[in-house]
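First the structure, in the form of structure tokens, and then the observations on it.
Chain IDs A, B, C and D follow the sequence of writing; residue 1 opens each chain.
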Amino acid sequence: MTSVYDSLFLHTVARAIVPIIQVFAFYIITHGHYSPGGGFQGGVMLAASIILLRISLGEESYGRFPRNAGIVLAGTGALCFAFLGFVPLFLGGSFMDYGLELFWLPSATAHYWGIFLAEVFIGLLVWGSLMAIYDALATGGEE
Amino acid sequence: MITDFFLGRYPFLFIALLLVIGVYGMMMKRNFLKKVIGMTIFQTAIYLFFIQGAKKTGASIPVYSVDLGSASDAYMNPLPHVLVLTAIVVGVAITGVAISLLLVIYRRFGTLDEARILEQMRESA
Amino acid sequence: MMHGIMANAPLYAVLASALAAVAIAFTGEKHRNLRETWTILASLLKFGFIAAMVPGVLAGVRYEVSLVELAPGVSLALRADPTGVLFALSASFLWILTSFYSIGYMRGGKEHKQTRFFAMLAVCLSATVGLALAANLLTFVLFYEILSIATYPLVIHKESEKAYRIGRQYLVYAITAGLVLVAGTALIYQAAGTLDFQGGGFLPPEAGRGVLVTIFLLFFVGFGVKGGVMPLHSWLPAAMIAPTPVSALLHAVAVVKAGVFGFVRLVGFVFGPGLMGKMGLSTVLAGLAAITIVLASFIAMTKDDLKARLAYSTVGHLSYVVLGVALLTPTAMLGGAFHIVTHAAMKITLFFCAGALYVHMHYTKVSELDGVGRRMPITMGAFAVGAVGLAGFPGTGGFLSKLMIVQGAAEGGHTLFMVILLASGLLNAGYLFPVFIRAFFRSSPEHTSYDEASWFMVGPIVVTAALALLLGTMPDAIFHFFGVASEAVSAVVAGGAP
Amino acid sequence: MSHIPVLIPLSLLVSSLLALLAGLRSPGWGHKISLGGVSASFLFSLAGIRAVLRDGMPLRYALGNWPPPVGIEFVLDSLGAYMTGIITFIGVVVLVYAPRSLARETPGREVYTYPAMLLLLTGLTGISLTGDIFNLYVFLEIAAIAGYALLATGDRAAPVAAFRYLLIGSLGGGFYLLGVAFLYFSAGTLNMADLQARLPDLVENRAVISAAAFMIVGLGVKMALFPLHFWLPDAYTNAPSAAAGLIAPLMTKVAAFAIVRFFLDVFPPSFLTEALPLVSTVGWLSAGGILFGSVMAVAQKDYRRMLAYSSVGQIAYVGLGLGMANPVGMVGGLLHILNHALMKGCLFLIGGSIRYRTGITQIAEMRGLGRLMPWTMAAFVVAALAMIGIPPTAGFFSKWYLILGTLEAGNWWWFGVIILSSLLTAVYFFRTVEMIFREPEEGDPVARIGRKRGAGVTGVGPSPEVQLGLGGATEGEREAPLSMLLPILVMGAAILAAGLLNVAIVNGLLAGAVAHAGG
């Protein structure tokens, strides 16, 4: 399944495009909370860029993004998101209430940063899980 | 009389048609992958139903913009859209699991055709 | 302190053998003597508690223990009322004898799996006493089902293919009986709102004839299966495949008597004589019981196998109790209740003799018994006493209880039932006398010298035969059996708390 | 503002993620973290039960501090506390049981099994707690997806069975989602309490009626209600024992609970009985399911398939309890959720330990197991008696309430069905009990194991287990290992305890919630 489609043309184009896709994806994630976009769409684009690398470069791509990187990414993304929810819990608010006055931040800015961090963590989560799904499929699911 | 029945509700009829196609695909098709495709059609029909429900004539997409102000009928109802977003993620997860199951089935039975798989299962049982 | 222990004596009576069962299971095969002492200790303890309650019960004291609440308004409650104590007394006293007897029988016959045998026997007894002392119908059904399940391993003790087949048949009967009882109890709870036994019955007549008849039918099937009333009796003769101590104690005293005792509770404390009479159900019950008595006696005559003959005789005699209770007149009910005790003593003697014959001489057929009286005079003598008692000869317990039932029938004006009762005396003689006549008056070459079975077995035989005689001559002497029985009947007639 | 309602599912979710990450490095840690997570959640649910009992008021918790009609609200009422208590208890027991059974049946895959189990429990506890109908869909699918993954790791045919379950399950989920859409567009809100306030004057609205129909069918599929049950036997038969031990007692029950939640807390009481006779159809389907399940179970030869068909029958008891629509019947149905969860969990775990020690799955080969594994078989007898409904065990009391319910509803057919099915259950359980306690004949698997007293049994060296002396001395390695035997014995004891304490459970948790049923 991981046969490398090794035409020179694809290598150079892929190597050139992937960073651009990722930058655009980061833009979408970071501007998600007040304009169209957000964690889901950004995460999917990031995953798409990695899958493009996997398809075009094959084995080389495992160097920077190892085989179960997807699972680890998804795991950390979900954990951070849960932790973001726990912070207000420890401070007496209800779960996921990131609009709570932190020590120095007024409620509005806390809310702003809260939703921003949420978007970033969701981006990580979606990115990791889609990459994990692709890796599972790509390895042919041998026992 | 018949026409206004269709005019007013053609999207819902279209959605009902999609639902039927999805269920048909899931139930009747022998190839497992086609069943998964049928399932996704079925799920997409449901998402369309949510979106269709949220439509207000003459309203813009539910993203706040200064010139439209904050009149509620200026925007479409945002809640179904958000629900559909979550439902799509659930749909992705289900399809992901379904396809990885198919992969294991293909590896063990060498085919995705339901009849031949059942045959092999009966032989080995 | 004395009052403290006595307050929940019924609970200790039930628990005594239940804990013994656990102890027996744990001691296991390796140190058998310790295991046997558990059984004997438990039987003595159990009997001790119940006997200690008798004077109080006679004086009107009711020892009551209520444990956990099983269902809204109904709790797992035990109450030592006269009827319960009567049955518990006879069962626990005979269990002491059966313990000694079965030790001799199991070791004599070198049976396998004795640990399971003694453990399950102990569980059966604790369920029987629990059933006897139950204060409400739900506790009664609870112990009733435990009893049916605990008897199963004893029925299949031989573990032969035939034993398993009979075990399956037994289970079908037992589980159906249990389920039907549960259904009936639910109906009663629905109709009456309570399940506590009430002297003279607590079912409201306005529950509607349809519901009451259904309740009666359900309970008839439930108790009829265990009480061996025809056509529900066929599992009883088949269950004779179990070892003889089981047949003796369970199929003559504990399990089958539970069914018949259920009828006593049903007529005396659920429906109440008045309601039963008014609805005409008692005549139906009496009729079926009479048919069972006659039919069972005829079938018994045809059986050459000794245990099968005794089994059919049990089926017949159980219906004496049912008949006595169904005649609704106080003397008949007293006769029926007392027959529980007398029949238990007499029938267990016959089964013990059959067991001794089997272990000692490996005789199972009546035709093989020619002249065995010379070789085993005590056993066959006791058999004669038992047989005579069952036939109702004056001077034995059987005569007394049968006399009262006949008097009750006369009071109630049921001449047909009187004739049947008298005729059944002859029928009993018809199938029991040939056994010991053949043993004593026929001669046979090999039985010349005196050679009895081990004292472990002959001892209990003599004691039970003596009990049968004592119950006839001085009914109230030992443990006030007669006094408790009459107290029980007066509780039913007077109404109020049982 | 106690955080208990949110901490129950959250501790499971977080520990499943931690277990996943830790598991990648070392499987041992994966199991420790997941066990820790479940135990924490179990303690939280116990605290929740105590809190609900103490002040009699449900604990309401607005997620993200958004006020209920807008935001998602967790409601820990008596029913919710009852369900989370059952779910987390079974979770703790199965997770103690799982390691050795999984090591034998699915070597090398524990890394993914523990997180999947915890995700399943998160979904189930979420369903019991949420007060928002769409949020219930999300948790329903979380539990379902985790379930598909767990079931697929079984024997050869497991992925096919899991795939069929996936198709039908997502169809059911889809129907439920359609129902949510209809309800939302006609009532305008997703919050259950808000819906309960708005629905009475929408009763004639056709959209609400079709919403109820879609939801009941959708949840009916998840609950394996009789005509929609055909995914269940294959799924449970091919699943690994530990997974089956977790899924069988819980998944269908929680779906049934969701239907009860809708009947009690969302739709107006008379709506589902008069306007749209859904409740009686569910009742009649369940009656059919009880008979079908029991009859099919009698015909089975494979132990797990017999239990699977018996599950179809037993879950129908809960449906029957709902179908009666009177408080006593409802209490019977709800109590049966607890009883059956304990009984079925115990039976599947016993099946797992038999398979672990001897590899037997066919009933015919089980001859003589009583001697080889005395303690496990003692627990089997207790569970079997409970399934039949013999009094001291829990099974009897839920049947008792159900029978009273049928009498109150005056429905003699269902009365007969309960009695007949108990008899059928007795047939197929006593057949197994008889087989287990017979002496093994030549050529039986148990006989072969008996002879190899010294050698390790089926490859496992004589592990230093406790020597359990019941009857003759039995070497340690013949009985199931302690880590598998202890959960089974705990379940057996719980069956007896639930039986004797049923009135406390009913009065405390169930009676209040069902009081206004029966329209």
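Everything below uses one rule, namely that contacts are C-beta pairs under 8 Å (C-beta built on N, C-alpha and C of every residue); 3 or more make two chains touch, one makes a residue touch a chain.
Given the structure is predicted, the values throughout are model-derived calculations rather than measurements.
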item	value
Of A-D and B-D, pair with higher C-beta contact tally	B-D
Innermost chain, where centres are averages of C-alpha coordinates	D
Greatest separation from chain C - chain, by CA centre	A
Chain B and chain D: spacing of chain centres that average the CA atoms, whole Å	29
Centroid spacing, where centroids are CA-atom means, of chain A and chain D in whole angstrom	36
Between chain D and chain C, distance of the C-alpha-averaged centres to the nearest whole Å	43
Rounded Å distance, chain A centre to chain C centre (Cα mean)	78
Numbers and ranges of chain B residues touching at least 2 other chains	93, 104
Two or more partner chains touched - positions in chain A	none
Inter-chain touch pairs (all)	A-B, A-D, B-D, C-D
Contact footprint of chain D on chain A as seen in their complex	68, 71-72, 75-76, 78-79, 82, 85, 88-89, 92-100
Residues of chain A that touch chain B when the two form their complex	35-36, 40, 126, 129-130, 133, 136-137, 140-143
Residues of chain D that touch chain B when the two form their complex	134, 137-138, 141, 144-145, 148-149, 152, 156-157, 159-160, 162-163, 166-167, 170-171, 173-174, 177-178, 180-181, 184-185, 190
Residue ranges of chain D in contact with chain A within the complex	1, 3, 6, 10, 13-14, 17-18, 20-21, 24, 61-65
Contact set on chain C toward chain D in their complex	25-26, 28-29, 68-72, 76, 115-116, 138, 141-142, 145-146, 149, 153, 156, 159, 164, 167-168, 171-172, 175-176, 178-180, 182-183, 186-187, 189-190
